[in-house]
Structure formats: C-alpha cells, structure tokens
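Presented below is the structure to which this report refers.
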Amino acid sequence: MVKVGVVGYGTIGQRLADGVALQKDMELVGVADVSPTLAVRALKEKGMPYDFYNALPENQKLFDDAGIKVSGTLEDLVQKVDIILDATSAGVGAKNKEIYAKYNKKAVFQGGEKNSVADVFFHGYANYEKGIGKQFLKLTSCNTTGLIRAVDCLDREIGVEKVAITIIRRVADPGDYHRGLTNALQLEKAPSHQALDLMTIMPHINATGILVHTPVTHGHIITVVATPKRKTNKEEVLGFFRKHPRIRVVSLAEGFLGNASLFKYARDLGNPRGDMYEIAVWEDSIVESGNDIMFAINIPQEAVVIPENMDAIRAAMEMQTDRLEAVAKTNEYLGMGKWMQK
Amino acid sequence: MVKVGVVGYGTIGQRLADGVALQKDMELVGVADVSPTLAVRALKEKGMPYDFYNALPENQKLFDDAGIKVSGTLEDLVQKVDIILDATSAGVGAKNKEIYAKYNKKAVFQGGEKNSVADVFFHGYANYEKGIGKQFLKLTSCNTTGLIRAVDCLDREIGVEKVAITIIRRVADPGDYHRGLTNALQLEKAPSHQALDLMTIMPHINATGILVHTPVTHGHIITVVATPKRKTNKEEVLGFFRKHPRIRVVSLAEGFLGNASLFKYARDLGNPRGDMYEIAVWEDSIVESGNDIMFAINIPQEAVVIPENMDAIRAAMEMQTDRLEAVAKTNEYLGMGKWMQK
Amino acid sequence: MVKVGVVGYGTIGQRLADGVALQKDMELVGVADVSPTLAVRALKEKGMPYDFYNALPENQKLFDDAGIKVSGTLEDLVQKVDIILDATSAGVGAKNKEIYAKYNKKAVFQGGEKNSVADVFFHGYANYEKGIGKQFLKLTSCNTTGLIRAVDCLDREIGVEKVAITIIRRVADPGDYHRGLTNALQLEKAPSHQALDLMTIMPHINATGILVHTPVTHGHIITVVATPKRKTNKEEVLGFFRKHPRIRVVSLAEGFLGNASLFKYARDLGNPRGDMYEIAVWEDSIVESGNDIMFAINIPQEAVVIPENMDAIRAAMEMQTDRLEAVAKTNEYLGMGKWMQK
Amino acid sequence: MVKVGVVGYGTIGQRLADGVALQKDMELVGVADVSPTLAVRALKEKGMPYDFYNALPENQKLFDDAGIKVSGTLEDLVQKVDIILDATSAGVGAKNKEIYAKYNKKAVFQGGEKNSVADVFFHGYANYEKGIGKQFLKLTSCNTTGLIRAVDCLDREIGVEKVAITIIRRVADPGDYHRGLTNALQLEKAPSHQALDLMTIMPHINATGILVHTPVTHGHIITVVATPKRKTNKEEVLGFFRKHPRIRVVSLAEGFLGNASLFKYARDLGNPRGDMYEIAVWEDSIVESGNDIMFAINIPQEAVVIPENMDAIRAAMEMQTDRLEAVAKTNEYLGMGKWMQK
C-alpha cells in the first residue's frame, strides 16, 4: 500500500483525498491545510473521516476554537507518507517542496506551479512513461488535462498535426467569492497557456488557441479544430471517443444542453459532491472543415485532474510500469467508463 | 411500513424519492415520469435503485430506445402504494388527482398546484395537526416552507404580530435551460404570494412582502422584518434559532459569505447531490429595528421541502398524531440537526 | 431624398430609424409598432422626434391611454415611403410583405426571416452588386454580418479558402426579460447557421462552426480559424483590418479586456444609446496556426447591422451602383472609421 | 460663473463633468486623471471637449504615446478653479485634499472617502443648509443618496420614525473587470453602512438594514419598510413620490420589469451614456404592513449622485442659500422631472 498525503484541502485537494481513498492499492494518511475553511469544517461535521494536519502552527488556536481535531504538523504528515499530492495555491508548492526534499519524499504538484518545480510535466495518458520513478511531477491544469485526453485519443488513432483551440472558460468554481466576472466576456492574450502546455507534453503537435473567460461556474467548454495526419470523418472520430474510458460521448437529444447539464447529471448520478471525472464530447458538435475535424468538449474543472493525479502516483511510485495497466487501475477504482456498458 | 410512490421525477421528485428511502418506517415503491430525462437516465446508469413507472404510455418507445427498464404505468404504481407524493409540473397534479381518487389513495401535492387541489395547505412544523388523516394535502413552496420554519420558531417562543419580507429569489436551478435571467433583477407585483401563503398557514400573523428575482441558482435569501409580541433582542433570537433542528445558524467569520457558500458546504459535507434540507440564518444579519427584529435566511430551494413532505406523509397516514413526535422522526431519519451537537 | 419607413420599433428598429435619420440622402418618414412598449414610450417622452404609426388597430386604446400620438396605420406609412426596413419579430416580416407588395414598395428584411422572403440575401461589403434594384432584400443576422466583414476583408486581400468559427454568443440584450440563461453555457447543434449563411453570401468559401450561448448581454465574441490562399502573418492581417472603416483594431493594453469594455467605450464616446456600429478585432488575439490565421472579433449585436441596412437601401433604390461608393456614403453619414485618423 | 474642476475621470468623474457642463451658471475648466484609461481615450476620440490635466507627472509618456493632449498638472487645474469635484478612488481624495487646502480651494468628495475628510456630510434635499459656505463637503454614496431622496420625501410630508431596508446591490458597473461575482449572492455584516449613513444625515430617524450583493450591473434595488409618524396608505404615498422631481414612479404594466428595464429606457431616451439621474419607485411594490409602508426603489448607481453633487457646489459656493431654489436650479439644468408633465 502506497501511503499518500494531500497538502492543501481546497477544491482540488478535497477531491484528491477522495480519489486516493478509492484506490485500493493506496492509503490516504491524512490531509493538511492552514486554516479552518469550510472544507475543513465539513470534515469535522462528517466526523473526521480523514486525519487533519495543521500546516501553519500559528493558526492552531483557530482550529481549537472551531473544535477541529489536529493530528500534527505538515512535517509530521510528510514523514508518514511515501508521496505527497500538493494542491496548495500557486507558488506555495514550490516552498513546500523544500520540506518534501528534506525528508526525501516524492511529490506531485498541480498546474498552478511553475514547470521548474518538477522533474517532469506529466499527463497519465499522453506521457506516463516519462513519470516513472521520478521524484517530482507536475500535473497539467484542468483545461489542459481534459484537452490532452481528447487530442491524445485522436493522435494515437490517426495522428494529429496541429490543433487550434477556443477555450470558453468558467471563471470561478461554485462557492468562490474571491474571484468572479459579472455580465462580461474577458479575453486573454493569445496563444493561451493551455496550447503551449499541450506542446510541452506532446511536442510533435503544433498547437495554438484563444481563451475567453465567461461568467459561469460549471465547466469549461473547448472547441478544437484538429488537423489529422489523414482524412477522417465524424463517425470514425465518434468511434474513437466512445472507446475512451475518460471521455463520455453525449448528445443534445439526451438532454445534455451545455456545461450545466453535465453538472446536473453528475448530481443526479449521486456522485460525491456532484463531481465528474470524465470529459464529455458532444456528438452534435462534431463537424468536418475540409480535412480538419472540429468538435466541442466539456471540462468539469473541479474533478477532471483527479484520475491523472492517481496515474502520477502510480508512475512516480513505479506501481505500474505499463501505461495502459496504470490508467486501467485508476479507471477501475474511480469507476470510470461505467457508462460504456450501456 | 407505509408504501409511498413518487410521481414526477424532476428536481423535487428525485429528492422526495431519496428522502422516502431514508425513512425507516416507509417503503419507496417506485417513481414515475413521462420521458427519459437526464434524471431518469441517471437512474439507469446507477442500476435502477428505484423501480420506474412510465406515466405516458405513448412514450414507451423512448424509454425502450434509451434502455430504461419500465416496471409499469402510473396506474400500476398508484395501486401498489398507500400514498403518492406528486411532484409533477404545476397543474398536472390536479389531473393526476383523479387517478389517486379513483383508487382511493392519499396524495401530497407541491406548492405549484392550486390550493383547491387539496383538503389542507400543510406545513410540518406550523400546522401538523390539520393534516392528520386527510386524503389530499398541499405543501407550501420552497420559499414559504423555509420562511415559515423561521417565523414559526419565533412565534412559538415570543409571538409574532407581523412580518414584512424581501425575497431575493434565485431564478433557476442548476442545470435549468428552460428559464433564466441574464444581468437583470426582476420585480414581481407585491405582495408576494409567499407572504399570502404564510397567512393561510398562520392566519394570526399579518404578512406582506416584495419579491425580486436574481440571476443565480444556489438558494434564495429572504430578509424578514418581524414584529414580535414583546421586545426581544439579537442574542435571544439567536438562541431560539440554535435550538431548531431545521435551522442552521451560520456566520460570515466561518466562511458562509452567501447562498453559494451553503451550496459549497453541502457538497463538501458529501450530502447526496450537494443538497441541504435545513435553512440557514446568518448570525451577522440579525439587527434590531426599534421593537422589530430583522434577519436574513437562506433557502436551499431544491431540497428544503423534503422534510415537510415526510411530515405530510406522517400526518396523512396518521403515523404520528403528535406534532413534535412526527417531526422528530423525520429529522432523525434525514439526519437533521447533527450540526447542533458541535 | 429616398423616403424610408421602419416597421418594428424594437432593439433593431430603433437603431435603424436613428441610422436612417443620419443619412443626408434619405428621409425617415416614420416608424410603426403594435403596442406602447418602453421604446415607444421613450419616443413620447422625447417629444416624438419620429412620427409613429400603429400597426395593430385594435391596440389603439393602449396608445391613447399612454398618451402616444399616432399618425396613422401601417398601411398609411407604407404608402408614404419608397422603401421599408422591416425589423419585426421573426415570421412577421413574411406577413407584412403582402402589404409592401400590395403597394409595390421595396423592403429590407432582417436576419430572423426565412431566406425565401427575399429576392437576395444581402451584405453591403460582400455582395452589394446582387442587391442593386431588387425589390426584397434580406440582411444577414448580427453575428453573420460582423463575421462577413472580417472574412470579406481578408478574402479581398489574399483569398480565403475555409473558415472554422466558434461563436461565443451573448444570450440576451440589455433589458431583455423574455429570454435569459443563468450560470450556464449552452451548445447548439453544429454547424452553426452563421457558418451556413456565410457560405450563402460567399459560396467560394468553405465554412463551419460551433455556437455556444453565454449568460452575458454586451456583444458576441467569435474566434475565426481562417485558411488563406497564401501564407500570411499577424502583421499583414493587422494591416488589412486597420484599413477597414467598419473594423476597429483594439488591444488589451489600451484597456479593451472583453465585450463589456467595448460597450463601456461606446458609452464613454457618448454614442447614442451607447451603441457601436463597428466590429472590433483584438490585436492580442491574432495567432498563426501553421498556414492558418486565428483571431477573435467582437460583435456589438444591437447596432452592428445598421450600416449594412443603409447599404441595402442604397442598393435596392439604386442610389449608388458602385459598391465602394455606396458603403463610403453610409460610412460617412454614420461617422464610421473616425478612429482611423488617430 | 463658478469655475469647476473634476479630479478622477472614471465612472463618476465622467458623469460629474457632463453634469457641470450642463449647469448654465457653472464653467467646467477641466478634468484630471492619472493614466490613459478608456474614458480618457474616448475624450481624445471625441476631440477633447474637456481639457485634460495629468495628475501623475511620471505617466506623461503614456499620454504622449496615446496621443492625448495634456493641458497641465493637477496643481495647474486646482489653481484655475473655484471648487473641485473629487471622484478619485477611495482614499486618494484625502491625499488630494492637501493640494486643495494649499490653494485654499473648496472641494466636494464622494462617498468612498471617510467622513473625516469633510466639514459636512451632505445631501442636496435632506440637509442643504448644512453645506452652505463650507470648504469641504462629502457626498453620500449612490445607494444612500437615492434612499435618502425617498425617505426625505416621505419624512417632509408625514414624518418618518424608522426604516428597515434591504439593499439588493449590483456588484459591478458595466465594463468593470476588476470586480465581479458569479452565480452567487453575498451578504455583508448588518447593519449596512447605508443605514448608518442615513442616520448621520437624518439623525431623527432610526435606520437599519441588510445588504446583499447580486451579480448584475444595472442598478441597485432597495426595499424599504418605513414606519411613518401617522398612518398613511399606498395612494397617498404614491402622490408624494409623483411630485418629487428626482423620483420617477413606474409600473410593471408599462414594461418596467426590473433594474435592466430602467437602464434600457434611459438608453431609449437617448440619455448620454444611457444614464439616469432619477431613482424609480415601482407603483406595484407599495404595500401596507400594519402601520408601516413598504416599497421598492431602483438606484441607477452610475449617475444618481450627479444632481446632489451639483447641489453641493451650489451650497459650498453660496450660489443659492435657499434649499428649494438650489435643487430647482440643478433640476432645471439636468432636465429632471420632465416626465412629470405627461
């Protein structure tokens, strides 16, 4: 059993902890954060299913006042585990790395950190082999993770030369009050970092794109114009996507009208927190543009990176050395692809 | 074991079914709807935890095409149960009532139906006794249900003469595409129906109010200016609210900044669908205005009526004849008030 | 002086009337609508700068009660003019056409009507010649009008083979309460009608695309992936756009962060109603994707079609037979391209 | 002619400048700001109708690069005027005050500054006399300004003992990208500062209230529960409001459905920037609550304070010593109350 700790118990950290708890070959030792946030208070109200470690000793009184049981410090947690999933705010991970290094532990950082924090920029499906045995890995961000799933899927089937993407980005998560946008679309300087990140992971593909923030909270939508190495068509592409356990093919006729339908569906499924690990591709969105193929995917930003983080543990800890065996284990424990049996 | 059927498997119907399934003295026989909506498709993907009945025979092919197992017609379901919870669209319940009457079954209708559909307009805490043994009950709507909880709480303690409310209403549920509002506040003609409904349930109180729709999906906020029968103060009122198992007292300092924080917290708690049965009162909102007391409550519109629907079954079926025994059973099975033990 | 009437005094109709009033070689005879809307009430409060005609006689009492001076019926207006701009709700124009035909008058319909209502589907810059002398013209919709401006600009310079577009669509206009979307992105079946419409106007170009509705009111953003007939680059494309009097090149550094910045700027300019006739291209959005060029444009949906409607009058009435002379007249009277002198 | 300068050319500053330019007994000498914002760039595109002064000399190159003509420094402007309207960001006014004092000039600060910056906290209708001849005045914020108009109107007619308000606040202005809220209502600690501010201006009234931020941009809505000194009723109160030149009585039947309708109507009126100086009261919102009267008002946050700022100049400069003569002059030049002649 690989022993895992989660540092930073926010939107991503909570879901990482839940994901690890589902892996039968991993043990979640505990989670750490710096203050009694709502997520930590919820942990208490649930009866502390996960041990909690205080990463900021001077805040101990805040935890005491809130009646939250603290099992130790960040260093205590680090010493007890084999590997850390660091989901702290951007930049904090780089500082925490010193502690991980001090105890010679492995760590997986999230997309907000700089690439230089890690030995390898990692994606479970696209470059699993590069992560094997490494000490420090950095995951792609939510948009890039989901985007690469789709592009890698096509690339392995028919080869992809280039992609031009438009990211219609949700601007905040449900419950966020520290950021927001009201009645406005906001453009970022092109090319978007997601396109550049894709090229870092998949250097043989030329990628560019434009990102526009929109005032919604339930999932990004990305349109992809992909130039394959050979002519393809809608039916063939649909077939590729349908076989992928981390991609759900949906349609308007079923009632999937947009990002909010997918969030609703995940809630209706009874998924914890209403989360969804898989990206979705709309059948109705796939069109041909000359030799190019164009389609739209949905990225459930809160949970989409969880599977690839589990893959990262597998690679770093050399739990599996075969890419497909590794992702299959993650998929099995997370219940991914169950919809394919319909 | 009282046998219950749920007709209409939408936002409310799904949650009613889940609520009944949690009552150890009730049995959920099945749910019915008219087409393979996302909620019904989710039922299938979950492996049909509840039997499904097709309320519109001409749509049978749609269910077959979607691979959804149908256990019978609406009349089949009605015959198998003691009582129906009807959560169909406004106006449909009145038609369905003929079927319930035909088989001499009891039924509980939701707030969207006209009062004339039922023998009594019901609220678990405020007028439980009126529902005992009745055949047809109508529940108050989400806003009214939550509002009455708070007003009834004060009224039983110190008496309430009048209330003037401002309803800051969420305009749609997460996942709704058939209604919405974009960058606008919308006023309705005053007095709001919620104030009038409160007076129907609590005729000794003078109530009026103004309702404004706002473009959000996660919970209504109502401000209440209440005139008590005797002078009170913030601390006393807080004490009343803290003792009520369907009211959660929250504060800005804890991180509850608005309706979205409560939705987030319910997700963090791992509540199914991220639902919350209790209303919240903000400690920071309570102020005195002369002899009046003013405060703000949060109404989680999707799930708030579930407890009072369980109460309605208890009253109609005469499972308990004592108000407090009845609501205590509902509260126990739904896990309400657990936060009070902190 | 060509005599013009405007039928339908809503969002587009009001702006058409203002646009005609600015053309020194046209006379606005009057405007017509069917009820005393806010737009009509504003006309009264402004002292009736335009004569008003009642297109629905049975509503005369409503106008009388509101104190609005009515100068006649729809047929009265039609008889007084040379050409009608019909900006009624989709489908109404087709009925009104019978009246226009009865008096042998010309008419210009808007994008909501079916193509069959007209002799030609028209765009001022792209196919002016096809509209010359025609009786019935139909304009492209707001998105298509703006999109064609940009694509036609490139096409006339270096040739365009194909375009793949992503339309990030505003879902309602400011003040709309009859439609809206709340915290959701909504996909439409691809290919979008705007891509198909572009091919009707410019049949030598292969176009496809995906449309996503977003909950905002101040302007659509379209990303365009264009395949030119020869290799080009960002600087060259910028040069093409900068010379076009109906395209404004903007940048993030100047403060144009998104669609809401353009609306704000039009208000700051003191433009009537805060309107903007020109589309905008973000300098920061232009990127190369292999031989393709990708960029983002902003479409101010309320006013963008006004110039092309003026062009349509010029074509139908044969006021100018040369395309560039015609659009130059429109541009001069609307003050378009003033920003180019900076 | 009183010579006026405007310092801070943002949302409020632009409208103050326009307002001063309309006063026939005032002269707008110029406006000042610190960088070439969109508002300043629009000034240039309009041909510099107002002289511009650079309040931050080290930014001179930015203005030169943007081609904006600069007429001097902030101190240059201050020396040329009799009085300054300071509409800078909160806290900057307090620093600028040193310059105004150095040259012994008068100044009017906006609601964002601390009360201590000024000799008097001022409202044109409610306490004009207190501002007469003062050197430094501070205006109430947008919500408080509009609220006081309505409460003062009632108070002068029948006396008001106390008010309990609910502010449904727009969270950002159109075009704002530096703040926003997405799909969330946000509560502030009660009592709201607007209630406290009202009591500073009208110390004989007991006021309290709750403020909730909502994700919209076009106007706040405030519900007021007012306790008058004697029993009144809806018709009487309507009559009071109808006589007030800075209050517009509107109804749902006319089409005024919410804050966005009022913004739309101001645009339809052709008001510069689509601005509205008057608050609105919905006829349909007025209800009686025992002896209390309840109603809803709309506050157009961008322009509502302009009239009271003009009043402030009149008071400080002793242009009129009679309250009603002063506000009548402001109203005449701003065209307020024109709707009353219908």
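Letters are used for the chains, namely A, B, C and D, taken in the order the chains are written, and counting of residues starts over at 1 for each.
Criterion: a residue touches a chain if its C-beta (ideal position, glycine included) is under 8 Å from a C-beta of that chain, and two chains touch if they have at least 3 such contacts.
Predicted model, so just to flag it, every value in this text is computed and none were measured.
Among the remaining chains, the Cα-based centre furthest from that of chain D is the centre of A. Between the interfaces A-D and A-C, more contacting C-beta pairs are found at A-C. Centroid to centroid, with C-alpha atoms defining each point, chain A and chain D lie 47 Å apart. Rounded to whole angstrom, the centroid-to-centroid distance between chain A and chain B, based on C-alpha atoms, equals 35 Å.
Here the CA centre of chain A is 42 Å from the CA centre of chain C. Shared contact sites, meaning residues of chain B that touch two or more other chains, fall at 174-177, 182-184, 186, 215-218, 257-258, 260.
Those residues of chain B whose C-beta lies close enough to touch chain D in the complex are 161-162, 164, 166, 168, 170, 183-187, 189-191, 206, 208-210, 212-219, 221, 223, 225, 227, 252, 257-260, 282, 284-290, 292, 294-296.
For chain A in complex with chain B, the touching residues are 14, 36-39, 41-46, 66-67, 174-177, 182-183, 218, 254-258, 260-261, 263-265, 267-270, 272-274, 338-339, 342. Residue ranges on chain D touching chain A, taken from their complex, read 171-172, 174-177, 179-184, 186, 215-217.
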